[in-house]
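In the two complexes that follow, subunit A is the common piece, with subunit B as its partner first and subunit C second.
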Partner chain A sequence: MEGSVTIPPVPKPVAAPPGSGGSKGAVEGSATWRLADRIGLAICWGLGLLFCALAVAIVLYLLVQGVKYLRPEMLTTPAAAGFTQAESGGFSDALIGTLIVAVMGISLALPLGVATAVWLVEYGRPVALARITESTIEAIAGIPSIVLALFGTVIFSSTALSFLSRSSEGVVFGRSFFAASAMLSLVALPLIVASTREGLNAIPRHVREASYAVGKTKAATTRRILLPTAKPQIATGAMLGLGRIIGDTAIIVVLLGATQNFAPVEDAVFPFNYLRGAGTTLTNFVYEASPTGNLNQPEKAYAAAFVLLLMVLALNAAVDIVHRRARKVGTWSS
Partner chain B sequence: MEFLSPPPPPIRRLPLEDPPAATEALPLPAPNGNGHAAPGRSGFTAAKRSISAPQFSIRRMEIDKVSVFYGAKEAVKSVSLPVRQGEVLSLIGPSGCGKTTLLRSLNRLTELTSQARLTGRILLDDVDIHQIEPTLLRRRVTMVFQQPNPFPMSVFDNIAYVIREQGSRRMRKKALEPAVHSALDRAGLFEEVKDDLDHPALKLSGGQQQRLCIARALAAEPEVLLLDEPCSALDPKSTQVIEDLIVKLRDDVAVVIVTHNLQQAYRIADHVAFMYLGDLVEYNSATTLFGSPREQRTREYVSGAFG
Partner chain C sequence: MQEELTPEYGPKWPDQRVERMLGALVCMLVGLLLALIVTVFVRGWPSFAHNGLAWFGSGGNVDDQLNAIFLSGQSGAEYIYTFHAWPLIWSTLLITGGAVLISLFSALFVAVFIVEFAPEWMSNVLQPVVRFLASVPSVIYGLLGVLVLVPFIGNDLISEDQKASVAGIISLTGYSLIAGVVVLALMIAPLMVSIFSDGLRSVKPGWLEGSLALGVNRWRTTWKIGVRAARPAIVAGTVLATARAIGEAVMLAMLSGSVGFAPNPADGLIFIFEPSRPLAPTIVKNIDQLSSPPGGATLFSIATVLLFSAAIFSLCGYVARRSMRKYGTA
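Now for the complex of A and B:
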């Protein structure tokens, strides 16, 4: 079959920007193109470069500002009331708060999202229910997080859920790390479902059948073949979801209380006293420390933003590593 | 599927008990790979096809008036066939004739398609396969697919996965080693991969991957091995290796192979079933079916008039 077909030589991708003369040797240049096409190509180049420049500018600016203003003690001292920068402390509570919502949010969203995706792709019956589930998840993805936060206040202020936040004299405060993490997990959930589905759908049908054809159950196939194969995509979804969680501000402001420090409840044991209490995260700290916020200490806002940026970059690097590992295992020839 | 170079020589088989008296006066040229008669290549005829009667044959499966429907469409129409250990049974026919559907119904893989419905009986050692729990049945009747599809794990784990209990990670590597090695050995792969058992299976060559899939199917210790065009994605050299292997395996397991490649059926099958539009047109020994087919439609198909 192969070999009988002569494949026409594929022209090398056009690498020359317009105006550079283009056609050297046999490589196709854009110099001979119609004017409209050349303008189009120029716009593509321009936009590509613009976004590169934008990203580089943001990272570089924050890097410079961060290095300039970040002091190690900011990571270890909580915010404090004070009249000068020296007295107002750092953002250790916000940093720990971010870590708490990240861990709690993703540990809710990941199992839920993966399970939903497995059900949708591998079972998905009755079809009507699967359709409804799909649209629901898409709807959640489209809801602004501030709306989710408002909805969260209704739920978590109910008496039945008083054990998740502070309550006194029958009034439930409804703001806590539990409440915020639960709603933040909804922000991450659609991303995890989408990328897990993508990963599962990319596995050819005959691979599943090969597992069934040696007497394996659907459950065993899913656990030992499908989920490990979809791991890179699941990881991508989890990292994107984490990024959204640590980047969200609205839910923190509305559902975490947005205090400057931890505000643990008195009537619970560690760590539940903290988790049931209000708190803050880096995004909220950046907002408060920015010139619009109550603290108005932009230097510390830059320092905190820099830490946030480092966390996001670390997530991206982690996704990269997972994908690179997966590439070593190889994939099916189509 | 089709060979560009001259096809590999037919597999050497055990000497004929009955010299090819019946095939000397062949009315037809032998089929070539792409289903077209090859004029002037009559060298590749039954004379070279030194096919032997199998040493023995035990009936393992019985397909009894089986029809398979996809919705209203009848893909297989009341087909009856025996499947015997000691021989290779080949299902041939043009695309869409129902041969793959029939093959997949032998281990109830058709059930995974929601609208598929089956009537008639399929017996495995005189027990209706629909009385057997599907996972048990599929360990007794395993299948190899058209595309090499090792699991994305190491060579060793591909086989170990089959031997282990459902989803379990129990049984240490050491305890599994003999069984894994023997499965690889039966598929003729052990010598090539014995130093690379920890390497990812998907980095093997296509032919090696397909033999790993055969090893995986054999690791379940099946009684019947189903092969769905196992060589169609492979080069001629790998094809020959796998054909040799299939013939070797026929004494241990009943082999059913679906193939588009008439030449392949001609080389390795003991019995051939020709299907057309869901009907079983002719079931006969390979020599007879290719040499002097009973039915006009078979004659036309094997001589390349259609297909």
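Now for the complex of A and C:
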């Protein structure tokens, strides 16, 4: 794959400079390495090890705290009002909320992102519109999520969209799972577009030409050949996007409401009464339960953060597996 | 060819129709972005209109001003818009600048390490580590900061004398500039590392080999040829990370101290322990005030500033990456 070695293998060095990782092969002996160079290499090693140490420390610390404070019943009981941490229930609503938001957000972002990428790579005319679209995607990637959240409050408080959230006496509440998921899908969108484009661009021209030659339309080629081939990259993009969705807090705090329980609306049938109501997610729970939040239950914050971290780790592992499997299948190199 | 067939033999999804549908979708996306920019700006306009350029200036206590704005919105009497955001802007500049400097330095070294110098096993470990650090939610960074880093700074790094020396002005508890900077640097460094190392990998091998053949050692070759050739990637990564840092709200709402105070470098080194509050956390902390007209306008005016600065940064990054493609190094 992409340049695991930038310098082609060269003969083993006679005497590699200390700690230079001789496997890639240094051409010169250690004599040409001045003191400044060696100090630089030491900084490299130090920072590299520091990164590893920080990652390990984050995981281990949350693991210890999570094991210490996480109780199975926390995952099954909703938050309740109480004076002590023992009385105030768990965070089942937050856990389910995270799952709802993840599913809804990604099911909005995935089709939209893949369609945008297909248009950019396969059609892309007029060129000016393609340029504009590319910069639009870049701009969306750069918009702070708190700004997206504020924009969401404007959209979803409009009376035309009152069916997506709670409304009373003509005032639309504007906070619901629909609102939060719609805005979160914009957070995931640029990642999906980027990695789908990468996947489509990696497919060489002759594959498309072979398909056109047997009379397939562009649309059919895309659906039957290009998208299945680019599946690993699409999956990667989707999972990266998913990670951003479950990790986002600002949009949840603003668009899902400052409650720790589901707040279903009364005048709707089953799934929609919950989806139109306010709710919470794990990130929101951690934010509120931290000492700077309103609940101040650091033990439960640790437990919820641990659950959240497990989800993130699982997503990371899934990305890794997809990558490795895609590499094993091989690319289109002739 | 296809379109000449009679309908019943033609494809179910002719290309023209698909192209038009996808094109419409893309136009919708562009329209959404335009609507976002316009909406945020229009909603924030009253605040800018009342304050003029003084919005960006200093004067008075910014927290008192925010309170007055919110109270006037609730009481229904005449709305107050007076808002001088300099302490918040200054805090944003300090925290973002500090974090970007730290992470630029460390990300460059780590990227060089991963691409050129790390032994196989080490780069195999480092790459997932970087990806993991990039994917940890900001609220977890915030929680760890609040429960681990802040007490450490408050109890061990700040001496009682230092606390006493500024006691009349501000209380030093550990929620500070330095806590925000350190954690923010940790959050944006992985983004930089991944873009930098992509850039370093795509440097033409021939250029590096040419330098090596002249007897320049690998360290010098990497820095003088590799890093210089990858400059567009470095600019792009830095700029994108800056955009991310400006918009970071939740973690900084937890760590920065949430006081509308402008840390003063004239206080000496102690100013890095002073609390402050950047622009983005101000929105999160005061989100309840969104429904009152003056409060909403003030929050949206802050969002406008964030939106424009972040958008400008990320467009610069995009341009830098395009120029990279022109050199053929991407």
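Quick note on the criterion: the second predicted complex is superposed on the first by the 301 of 334 C-alpha atoms of A that agree within 3 Å, B and C clash if a C-alpha of one lies under 4 Å from a C-alpha of the other, contacts with A are read in each partner's own complex, and residues count from 1 in each chain.
In this text, contacts are C-beta pairs under 8 Å (C-beta built on N, C-alpha and C of every residue); 3 or more make two chains touch, one makes a residue touch a chain.
What you see is a predicted model, and the numbers here were worked out from it, not measured in a lab.
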item	value
Touched partner set for A:328, first subunit B, second subunit C, both or neither	first
First (subunit B), second (subunit C), both or neither touched by A:44	second
Which of subunit B and subunit C A:225 touches, first, second, both or neither	first
Partner chain in contact with A:263 - subunit B first, subunit C second, else both or neither	neither
Touched partner set for A:101, first subunit B, second subunit C, both or neither	neither
First (subunit B), second (subunit C), both or neither touched by A:209	first
Which superposed partner A:217 touches (first subunit B, second subunit C, both, neither)	both
Common ground on subunit A, meaning residues reached by subunit C in one complex and by subunit B in the other	3, 215, 217, 219-220
Residue ranges of subunit B in contact with subunit A within the complex	1-2, 4, 107, 109, 112, 134-139, 142-143, 145-149, 151-153, 161-162, 166-167, 200, 202-203, 206, 213, 216-217, 219-220, 226, 233
Subunit C to subunit A touching residues, read off their complex	1-2, 11, 13-15, 18-19, 22-23, 25-27, 29-30, 32-33, 36, 39-40, 43, 106, 109-110, 112-120, 122, 125-126, 128-133, 135-140, 142-144, 146-148, 186, 189, 200-203, 205, 208-209, 212, 215, 217-220, 223, 226, 240, 243-244, 246-250, 253-254, 258, 280, 283-284, 287-288, 290, 299-300, 303, 306-307, 310-311, 313-315, 317-318
Subunit A - residues contacting subunit C, complex	2-3, 6-8, 20-24, 26-28, 32-33, 37, 40-41, 43-45, 47-48, 50-52, 54-55, 58, 61-62, 112, 115-116, 118-120, 123, 129, 132-148, 150-151, 153-154, 186, 215, 217-220, 240, 243, 246-250, 253-254, 258, 283, 286-287, 290-292, 298, 301-302, 305, 308-309, 312-313, 315-316, 319-320
Touch list for subunit A against partner subunit B, complex	1, 3-4, 204, 206-207, 209-217, 219-220, 223-225, 228-229, 328-334
